[in-house]
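Take a look at this one; I'll ask things after.
To keep things simple, chains are lettered A, B, C, D and E as they appear, and every chain counts its residues starting from 1.
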Amino acid sequence: MKKDFFNSTSLIEYSKETHSCDPITSLEQIDFNSDSKKIKWLNTYGTHHKNEFKSIITQSLLDDFLLKLISEEKHPNKVLELDNVLFVTIKVLKTETINFQTEQMFFILTPHILWSIQEQKGDYFEWIRERIRENKGIVRNKKTDYLLFLILESIIDNYEEAYENISSSMETLIQGSDVKPTPDFTQNIEKEKNTIITFKKAVTSLRDIITKLEKVEQQKINKKFYSELSTQIHNILNTIDFDLQEMESKINLIFSIQGHRLNEVMKTLTIFSVIFIPLTFLAGIYGMNFEYIPELKHHNGYFILLGAMIIITLVSVYYFRKKKWF
Amino acid sequence: MKKDFFNSTSLIEYSKETHSCDPITSLEQIDFNSDSKKIKWLNTYGTHHKNEFKSIITQSLLDDFLLKLISEEKHPNKVLELDNVLFVTIKVLKTETINFQTEQMFFILTPHILWSIQEQKGDYFEWIRERIRENKGIVRNKKTDYLLFLILESIIDNYEEAYENISSSMETLIQGSDVKPTPDFTQNIEKEKNTIITFKKAVTSLRDIITKLEKVEQQKINKKFYSELSTQIHNILNTIDFDLQEMESKINLIFSIQGHRLNEVMKTLTIFSVIFIPLTFLAGIYGMNFEYIPELKHHNGYFILLGAMIIITLVSVYYFRKKKWF
Amino acid sequence: MKKDFFNSTSLIEYSKETHSCDPITSLEQIDFNSDSKKIKWLNTYGTHHKNEFKSIITQSLLDDFLLKLISEEKHPNKVLELDNVLFVTIKVLKTETINFQTEQMFFILTPHILWSIQEQKGDYFEWIRERIRENKGIVRNKKTDYLLFLILESIIDNYEEAYENISSSMETLIQGSDVKPTPDFTQNIEKEKNTIITFKKAVTSLRDIITKLEKVEQQKINKKFYSELSTQIHNILNTIDFDLQEMESKINLIFSIQGHRLNEVMKTLTIFSVIFIPLTFLAGIYGMNFEYIPELKHHNGYFILLGAMIIITLVSVYYFRKKKWF
Amino acid sequence: MKKDFFNSTSLIEYSKETHSCDPITSLEQIDFNSDSKKIKWLNTYGTHHKNEFKSIITQSLLDDFLLKLISEEKHPNKVLELDNVLFVTIKVLKTETINFQTEQMFFILTPHILWSIQEQKGDYFEWIRERIRENKGIVRNKKTDYLLFLILESIIDNYEEAYENISSSMETLIQGSDVKPTPDFTQNIEKEKNTIITFKKAVTSLRDIITKLEKVEQQKINKKFYSELSTQIHNILNTIDFDLQEMESKINLIFSIQGHRLNEVMKTLTIFSVIFIPLTFLAGIYGMNFEYIPELKHHNGYFILLGAMIIITLVSVYYFRKKKWF
Amino acid sequence: MKKDFFNSTSLIEYSKETHSCDPITSLEQIDFNSDSKKIKWLNTYGTHHKNEFKSIITQSLLDDFLLKLISEEKHPNKVLELDNVLFVTIKVLKTETINFQTEQMFFILTPHILWSIQEQKGDYFEWIRERIRENKGIVRNKKTDYLLFLILESIIDNYEEAYENISSSMETLIQGSDVKPTPDFTQNIEKEKNTIITFKKAVTSLRDIITKLEKVEQQKINKKFYSELSTQIHNILNTIDFDLQEMESKINLIFSIQGHRLNEVMKTLTIFSVIFIPLTFLAGIYGMNFEYIPELKHHNGYFILLGAMIIITLVSVYYFRKKKWF
């Protein structure tokens, strides 16, 4: 069991000048109270190593409330300021999956150690490890708050890209062809809307994390990093809200088109009926078999009736024209 | 009367090292001012023991405003910071009942004593008593704020499970079959929506309690515990809001389908009518009994008319095709 | 004039041990600066005694801005922190009247004197006077802030009861019979909604008062009393919002039922028309009087035609069945 | 130019004991730094005296940012706390005009001088000048903050009266006759709604001013005056919101009535059609000219058919009755 | 590369008394730490000079987080308070383009230096340079916070003018002709709405910047300037919201007109049908060929039937009149 934990855990140590990445062989290597000025990034894949987690927490004298937190199954996004440590957990949307599965990640942060625990193997953080290794950018000049900032930025960047895909599929749906007032089209719009809302839920929840991190006072967290993330994530949320409003417009449009079409259909029926109903009635009258119907005997009766019918038709047409029905 | 109170009341005392659970035999045992460093959990079933409540409050020199509070019949959820005591009352949704009946619970909290008063016998807190008895987890290291945290967490967990049931019954309703634009279906959706809103009301009200507890400064309440509850309950609320929006979508869809069906029905009627109305009129014309209708004498009159009718039909069909009615 | 004022004014004085209720005979009796530790409750019926009000304010050296406030006709709800006095005015909804008439009440509060001025004779506060007289509860141990709390609680309790009536009449409207999609029913719903909104307006406005009182820092106002009122009034507001949402649901349902009924009606018409239109046309054809229509001569022509008509009918019925129209 | 400015400007000086109102003859008379304990109210009609404004600002050493502000053409409502002066500008709705024209007003305030600049001659403030002149009320005991309070109160009172007119014209529209589901009626409602919203915009904007004035800490502004204005203006806003909601209800009602009428119309058509269509078809059958139709020969054929038709009619009527169509 | 940077960069230096505008020839000229009391405005066209940017940041010992910020491609609007510098980036809407393209601008601000970096050549700021050159207004008395204020004011003024154009095109759409309930008209309204919402998004985002600048405490930023901008931008936002509500009204009106027209159409059809259907049926009855139909033999049968038909018609007309159908 312990061996499995050692295999799933890596430790990166760095300072302005040095960098090392040694395998873990004993729990004693992981000491949150060491005096070393080096920054340590401890990463564990798998959230099931409860025993090792407990050993580390107890041995490093971290807040014992971590014991309760770490032993629970499901977590929504959280930032908790504990006694000597900051606890962050995020349900990361796996944007590459179809139904937006999620991966739970934990971050336990002291000024010199960041311990990240991920539910599943593999992550988007390789570029950060590279920057540390090759001393790119300013990461080696900064503390763990900057490291957490880079990790969160990776997640947000990933969301941003994922939303661009969703958004462009929405564009195709809406603008590729004209808006059609069919249930299918409406259903597609509503489905797309639900996808966007699921996504918005995850982003909003992540924004709440960032907002809380901006307000953390303990732990020498540098506000400016999280202020930067905050603007990024607000930007995504604004785009989402804008798209949602655009969809609302489309739905309104669908109802309006339906109403218009119905009007057109009914006008057609009504005009036709109103013109022919009296004519057909007249024809019925003179199709009756009464013995004595004087008009029938009249030599030009038929032609007089046809003339009357034409006049009735013209009057009807004039009436509808005046009412601007066509 | 007093005997009834003693039977309904239990007292658990514990510290890091010790644990006891003795029966109550006199009111003097309940002393909020005792110097003992042990934590006491006093639990009473039944809110009608007004006399005993008053004796205890007066004898322990607790804030006399408690006297007024405790003598009232109905309470919404409340957190009140009194002079030397914190007063919390919650109307707990009994999620196992069909119409969401509620049970009133009171919590009177000082740093070393938590007094819980429940309207009805039985509760979801047995697991907490077990953890205290068997020294599981960290409960015996903590004070009454942690104990109240565990109690509130039980309630929230229960809500969470209950909402999962509601939510899955909603899923069945919406996705089990296609959306049907009938009043029955709409009514079911609206009923389900009302259930969810009732539930949301209870959860929102509990969230307000938690938010207030997070802000309590007196009483050495540890903020981190309630911050943890706060994230849990926000998570439920977000899920509820998401489900409500999904239902809104379905209702929009229903209206859209209704509109579409009406269009289909009316188009069918109109097309049929517009095609046959002139034909029937023509048949009526030549069914008239005028003595002199020259066409009737024509040998091929009937076949010429049938031909004319076919042409009229084709023109109508062409017209509707061009208008994309079918 | 002065005599009228003395008749309309009563003064209750009390402390933990004593209680008196003497008639007022001179303005000098009313001294806001007296050293006495007794609590005084001065109550005046009638807001027209402007001269006496001015005398008292000037003589007691109260903030002269009160002069301006007291001389105005109409007041919305207000809490004003003046120099040495707290000024509260409430437009109390007279819930026993049909159209929710209002009664203006003023409260002028210093730590030892509460002066209540009511527009109309009679009030809901007799039970408070009784509690003071008979030393029930804790009122005689507390100062004027508790007295004002009891008065406001009376008003809120009265609102609560009134809303229960409104709410149950709404229930009867909605659930007594099924929802009917008639304009009458809609109009009743909308009327009921307006009543609820009027009520909500008054409650919201009172809540704003309570919220302001919670924040008053001057005057030794005890926050916990108003915190208690705040939870009560929030509870009413939540219930109102819930009921409003339920009504919104009903209105949606009405529209849905209307749409469904229209669909049913039109389907009936269309099915009937589509089945009979071709049959009637055929009958019309063979009712024509052309000299030469070969089918008419055929011995079984009539029966063949009837057979054809049955086939056409069956095809139509099959078509509608397949389209699930019935 | 200067003469024009002197003619358009008046200066009122007052203290508890004295009052004077002298014509302005030189810019030196206007000294914001004078030691005099008297309160000065300087009023200028016309915003085009830019040169004189600049002279006064420079000479009195007021914040030079005023130079920029005063040289601009259009201003939304503003409260700016400058270095030694408070700058307030309001676009006052001229409620006596039909389309709500506006008049720009500037107020430059130090503890002892209030300088009001109005775009147009004439104002609602004559009653304030009278109160100062005749020492009515408490204005002569107070400083410039009270003077500005009285001016703002005049504006708010004027809005209140104007809104009462708008509101009562709305009442007439809605309740004078029944709600009619015609486009004209809807258009009137929407027009009225737009008027109310324009008005709300002005009131909301004024409220923002008041809220800012409540928060001003510099300048010895007395919070209580603006707190009083704040309750007044909130009251107007609440009434507006209530009226808007009532209109929303009416619009919902219109849609509901439209839907109901359509249902009635279509039911009438359908019932008539469904009853007569089969009867007319039968008449058509026996109007055919086939040589051999046995029923036609039957002596009582006609009466048997009439009997059958009556039965068919009764069945149809029974069917619609059972479906509760009428 | 460096030469390109020098060509794209200009440096304006000024104080109360002096003003100079020299070409840049070496990076050493740009020193954020110089002791000179003069204000410097450094402007660079082009955001691709990453190397030079890095040199300047490193050499001037500015916060190294700027390195990360400046190296990124896309930025939403941001205000970041860094260690010794304020970083502002704005995506300026290019209102002269049709689809609202944007131009990224960066502002790096210390009390004595403002460095503006613009994505594209040319700007709206020439009038500011003129005011500095010719010592107009108060710009030469103020620091860089006033300079940034002038720049932001240019951008807001530009937005204001742009919105006036959008708004007047909307007016034309809505009021130029009557509201027409066609899908085209609805689509135009929805398009216009989307344009306004895009614009609102940009303005809201700029407002967030201004709000943050108002709250900046570091850097000796003078709050009053940004308070002035804040009122300006709130004014635009209020106008936008008002226009959006007006559009919402129009859309409601469209639906109402559609509903009304449909009612008119259906009433016409129904009245015509209901009047003629029984008449035509009667004509059909007496057109039947039964051998024995006694009425047919009656000498005045035809005229009696016509009389009966007139009576039936009158009854129908009376019925519809009573129901107020026309």
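Operating definition for what follows: a contact is a pair of C-beta atoms (placed from the backbone, for glycine too) under 8 Å apart; a residue touches a chain by one contact, two chains touch by 3 or more.
For reference, the UniProt names are A, B, C, D, E = Divalent cation transporter.
Small disclaimer: the values here were computed from a predicted structure and weren't measured.
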Rotation in the CA alignment of chain B (Divalent cation transporter) with chain C (Divalent cation transporter), degrees, nearest 5: 70
Separation of mean Cα positions, chain E (Divalent cation transporter) and chain A (Divalent cation transporter) [Å, integer]: 24
Whole-Å separation of chain centres (CA-atom averages), chain B (Divalent cation transporter) against chain D (Divalent cation transporter): 38
Set of chain A (Divalent cation transporter) residues in contact with two or more other chains: 255, 259, 262, 266, 269, 273, 280, 284, 287-289, 293
Arrangement of touching chains [line / ring / star / complete / other]: ring
Going round from chain C (Divalent cation transporter), first to chain D (Divalent cation transporter): chain order: C, D, E, A, B
In the complex, chain C (Divalent cation transporter) residues that touch chain B (Divalent cation transporter): 137-138, 141, 223-225, 227-228, 231-232, 234-235, 238, 242, 245-246, 249-250, 252-253, 255-257, 259-260, 262-263, 266-267, 269-270, 273-274, 277-278, 280-281, 284-285, 287-293, 325
Touch list for chain D (Divalent cation transporter) against partner chain E (Divalent cation transporter), complex: 64-65, 67-69, 71, 76-78, 80-82, 181-183, 186-187, 190, 193-194, 197-198, 201, 204-205, 208, 251, 254-255, 258-259, 261-262, 265-266, 268-269, 272-273, 276, 279-280, 283-284, 286-289, 293, 295-297, 299-302, 305
